[in-house]
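Please find the structures below.
Consider the two complexes below, in which chain A is the common component and chain B and chain C are the respective partners.
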Partner chain A sequence: MLPQVLKRNDLAAWVEALMADRTVAGPVLKETNVSDPSDEKFEWTVLEDAGDLRLDYNLTVLGPKSFLWPPRQQLVAYRLDDGPDPQPLIEHEPTVLLGVHPCDATAIATLDTAFGKDIPDPHYLARRADTAIVGLDCAAPCHESSFCLDMGSLYPDSGFDVMLTPMGEVIFVEAATDLGRALVKSAAVRPATKDDMEARQKFAEEKRSNFHYKLPYELKYLPEVLEQSYDSLVWEAIARRCFSCGSCNTTCPTCYCWDVTDDIADDLSGGVRTRRYDSCQLDTFAEVAGGENFREERSSRLRHRMFRKGKYILEQTGRVGCVGCGRCERACVAKISIKDTYVQIAGTR
Partner chain B sequence: MTQIDIHKGAEAESPYVPKMARILSAEQMTETERFFRIEMEEAPLAYQPGQFVGVTVFGVGEAPISICSSPTQGDAFELTVRSVGLVTNKLKEFGEGDRLGIRGPFGNTFPYEEMKGKDVLFVAGGLGLAPTRSLIRYVLDNRGDYHKVTILVGARDPSLLLFRDELEAWTGRDDVETLVTVDRPDKAWSGNVGVITRLFAKIQLDAAATYAVIVGPPVMFKFTVLEALAEGVPENRIICSLERHMKCGVGKCGHCQIRGVYVCREGPVFTYEQVKRLREGI
Partner chain C sequence: MADKPTLAFFSLACCEGCQLQVLAANEKLLPILERADIVRFREASDGDADHYNVTFLEGSIVTEHDIERAKAIRAKTDVLVALGACATIGGVNVIKNFQESDDVAEYVYGDKKDWFPHIPTRPLKAEVQVDVEIHGCPINTCEFLEVAKCLLMGKPYRQPNYPVCVPCKLAGNVCLWHKGVPCLGVVTRAGCEPFLCPSAGHKCIGCRGLVDNPNTEAAADVMAEFGLTVEEVFREFSLFQGIYDDVAKMK
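Here is the complex of A and B:
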């Protein structure tokens, strides 16, 4: 497909066209700092009005993960009368995630692999299969806590159907999949001109010069750097500040650990088995009957998270477990930084 | 890199839906341990020694439980459940004819093929006898395939001994050596007394030809492994079964993870050599 562009003024019409067929979620303004109106806070939500979409957003506390991987998800329904007859609950509706930054697109590719590998999880995959992902490229780092360039998520190779590159008055539109090409049909795109191509080139050059590496080693060495740090006192030192609150897990775009509960209907006619986000930082996460706890120490839990993000997921799926978005650091009251930790362990044994 | 077919996976059968099973018989073995013989209502459970299932009490929840029988015992399978919490306490009320949900079987198996022709030493402490029994029964039902068989069983006191009838039957066989010990004897107890490692002094091991299958609580496991190592059993022939918090059984929920290993899929059976390398294993 030839390169195409969409005029910024035509964006809302495209979003409206998408909204006619699908649930469309994207970044919107959540609140503005009272004392500094330029300080705007954004969140991912289902769009009610195409005009609410804010493609100029920078950070969100939570990424678009919850549309694919909801904080609570019903898995199985059964009856409590004669025969339980347990049945899977698999719910999905045509959805578009519009404005997914490269880090979050990369994270979605990681989740796809985690839920899809070995024994597939249709509860996730059915939502995923029904969701189109429209990416939005970044021209400059969103925050000092991010290190997407290091983690290989700034230039994603998958996890999106369309990639948008905002360039002043026009948006460069590149469809990466058949679904992406179908979505773009309802946009008033026109073929890119020579000027557009030059602007696209300029964007790429600026992007390249705006992002800088923050780790003193390449991503491919991270698993080994972590392995060598296993017995380091670093974990104890950092974990002293940790409150085991789990905010890092809640905000992480690739965290997918879960707990399960059975909930009973008020009239006792049936029950539903539901999963919800869990956190490896909570002290009960690895506890078994008899009170034995295999990661009792805060430091061993913190180390587990850092290893899972930097080593285990990568080794198991070939995809990064940490996309370098910086959300966990920004959410952490103790300001524990995964980036700084990965820097720090390079110098320890 | 793992390649994923999202659309195919979206159509896959949910691994979280239990299948219906019926209890054929149940028996309170000790005050806290209940034994069940269970049959799937549709296709029989195709399992191997060492695997486990997820047991659903509808309206309450699910718990991972080791299969304590051997596939050589027929289509039905057996479980021994210790009541410690919500699901396992509720199971105390379950008996013949009651229906349960079963998921699985999950996990890997004891290396029963690889063990053929070798000596087998079983060391089971407390509830560890349940998973171990799946292999004991398998080995006894294929007795000719294995060389010398020794079974060491320990419990805190005589009232906590599981499978007492079978222990007696095994003790009576001349092709198996079975020794039972308790930490705290009662008046009626005439057998061995003391921690299970003391039984090692009473047996003859051809360490180089032996597979030692050791399953029990962490402290028992640790000292028994020391004993087996001291006898000269190689680290890769000391076999154990690990217990972890588990919510899914299929490598998704993250609860059972030790370092990079999902115990529910790559385990629960490991060699001591593997467990040692995991560091957070014991």
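Here is the complex of A and C:
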């Protein structure tokens, strides 16, 4: 399908049309700083009113990941009073994630690979198959902590069905998949003109000049840089400030580790096996039966995360483990930065 | 069929608010009462027994007499559950440990202070073996029910050993630190359910005590960078967590 454009004024009507027969989630205003009204915080939520959608949003605490892979998710229900009669709980409904930034689209592509390999995860894959992703291109970095250009996530090749490029009064609309083409049918789009194409080109040029490389090496060297830093003193130095609170993991758009608990009904008649986001930074993450803990030291856990994000996930899935969104740095009370760490280790080999 | 297990509730130095949290479970207590008999519960009934399968003991130890009572209760009990912050970490009662013992007694009892001999506040586990801990000031009803279910099913209760930041992020909250509010969630044991304080914009004041391996030094450093004085940092921590050596040494 050739590129099309949608007038900004027609956006709400399109969102409403999508909301008519599916759940539509997108970024909305969460709260405003009392002492600085310009300081707005956004969150991803199910839209109740098309007008709530804020395409001018910046990074949220949790990303669109939580609609594909919820922070808490019921896996299987069973009975305790009679035979176990396990019932898988695989819930999904037609959903559109509207306004996914390139970093998060890239992260979704990583999750797709991670949850699909080895033993495919039916809970994730069922939701994923029922979810359309409408991307939203970025004209400028959202925060100094982001280094998406370095991590190759600023120009995603997958993880979205439609990509929107906001260009003043119009939005450039490119459908990337059949699902995307079907979604665009309900929008009042018109074919892009030569002027639109020039505006699109101008956006691309401005985008490229607004983002700057922040690492002193290319992404392809990151696994090697990490490997050579394994015994560096840098890990202990950084870990001295680390609370092991796990906020870097719980906010990460590519983290996919979970912990499983049994929620038993109050009358003990049955239960539900439930998973929630886990974190490799938590004290007990690598603890096994018998009490042995394979990563007892804070520094070894911190190093493990940096290796997961820069090396292991890449090697296991062929997809980046860190998309450079900067959520972990912003979530960190101690201001530990994955970007600064990747810079630092290059100098300590 | 064997007799139902017996449950007992006792209080030491505390406000007895944790017992009220148990009663607040209302009809959710019924399935437990079908499977167990409460033989001692001053807030709800009279009566007593010679032996308890499970005792929920709230309150901290602040007198020699409390030690005797705790030991006597322990001797009649199979499984002892420390109920609430006073029982698990001494609770707010530990604040008096950082003041002159005589001044504290005089403040409360005036010229009758000699009638009420007291000792530094300590949690139950300082004097008797505690089998299960339910943290919080007050405890939350959900966790009480969870522990009760585990006991009835004969499986261990796995208390959370990660900081409040985990459920806080899962709730999608904007970090209070980023709003200029130093919050003890970074080192405080999670398990609050429903997750109330930070979701309502209130900082975590640490009522569930520290996680097992907290980085209190980093917390103190980060708070200092944030602009708090050493005294202020200690005050934040000592409201609930003064019993820990890591906190006591900040003074």
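Methods note: the second predicted complex is superposed on the first by the 349 of 349 C-alpha atoms of A that agree within 3 Å, B and C clash if a C-alpha of one lies under 4 Å from a C-alpha of the other, contacts with A are read in each partner's own complex, and residues count from 1 in each chain.
Here is the rule we go by: a residue touches a chain if its C-beta (ideal position, glycine included) is under 8 Å from a C-beta of that chain, and two chains touch if they have at least 3 such contacts.
Not measured: the values here are computed from a predicted model.
In the overlay built on the shared chain, the residue A:I264 is in contact with chain B and with chain C. Between chain B and chain C, the partner in contact with more residues of chain A is B. In the superposition on chain A, A:G246 contacts chain C only, with no contact to chain B. Look at A:A331: by the touch rule set out above, it reaches chain C but stays clear of chain B. By the document's definition of touching, neither partner reaches A:P166: not chain B, not chain C.
When both complexes are overlaid on chain A, the residue A:K311 reaches chain B alone and has no touch with chain C. Look at A:P141: by the touch rule set out above, it reaches neither chain B nor chain C. Of the two partner chains placed by superposition, only chain C is touched by A:E31; chain B is not. In the overlay built on the shared chain, the residue A:P86 is in contact with chain B alone; chain C does not reach it. The residues of chain A shared by its contacts with chain B and with chain C are 261, 264, 268. Listed in rising order, the residues of chain C touching chain A in the complex are 28, 31, 35, 145, 149, 152-153, 158, 161-163, 165-166, 169-170, 172-175, 177-179, 185-187, 211-215, 217-219, 221-222. By the touch rule above, chain A contacts chain C in their complex via residues 30-31, 33, 41, 43, 60-62, 66, 71-72, 240-247, 250-251, 261, 264, 266-268, 276-277, 279, 282-284, 298, 330-331, 333-334. Of all the residues in chain B, the ones that touch chain A in their complex are 1-2, 4-18, 20, 56, 58-62, 82, 84-85, 88, 99, 101, 217-218, 243-245, 247-248, 250-255, 257-260, 265, 279-280. Considering their complex, residues 75-76, 78, 80, 83-84, 86-88, 90, 92, 112-123, 125-126, 128-130, 230, 256-262, 264, 268, 271, 273, 275, 278, 280, 285-290, 292, 294-295, 300, 304, 307-308, 311-312, 315-319 of chain A touch chain B.
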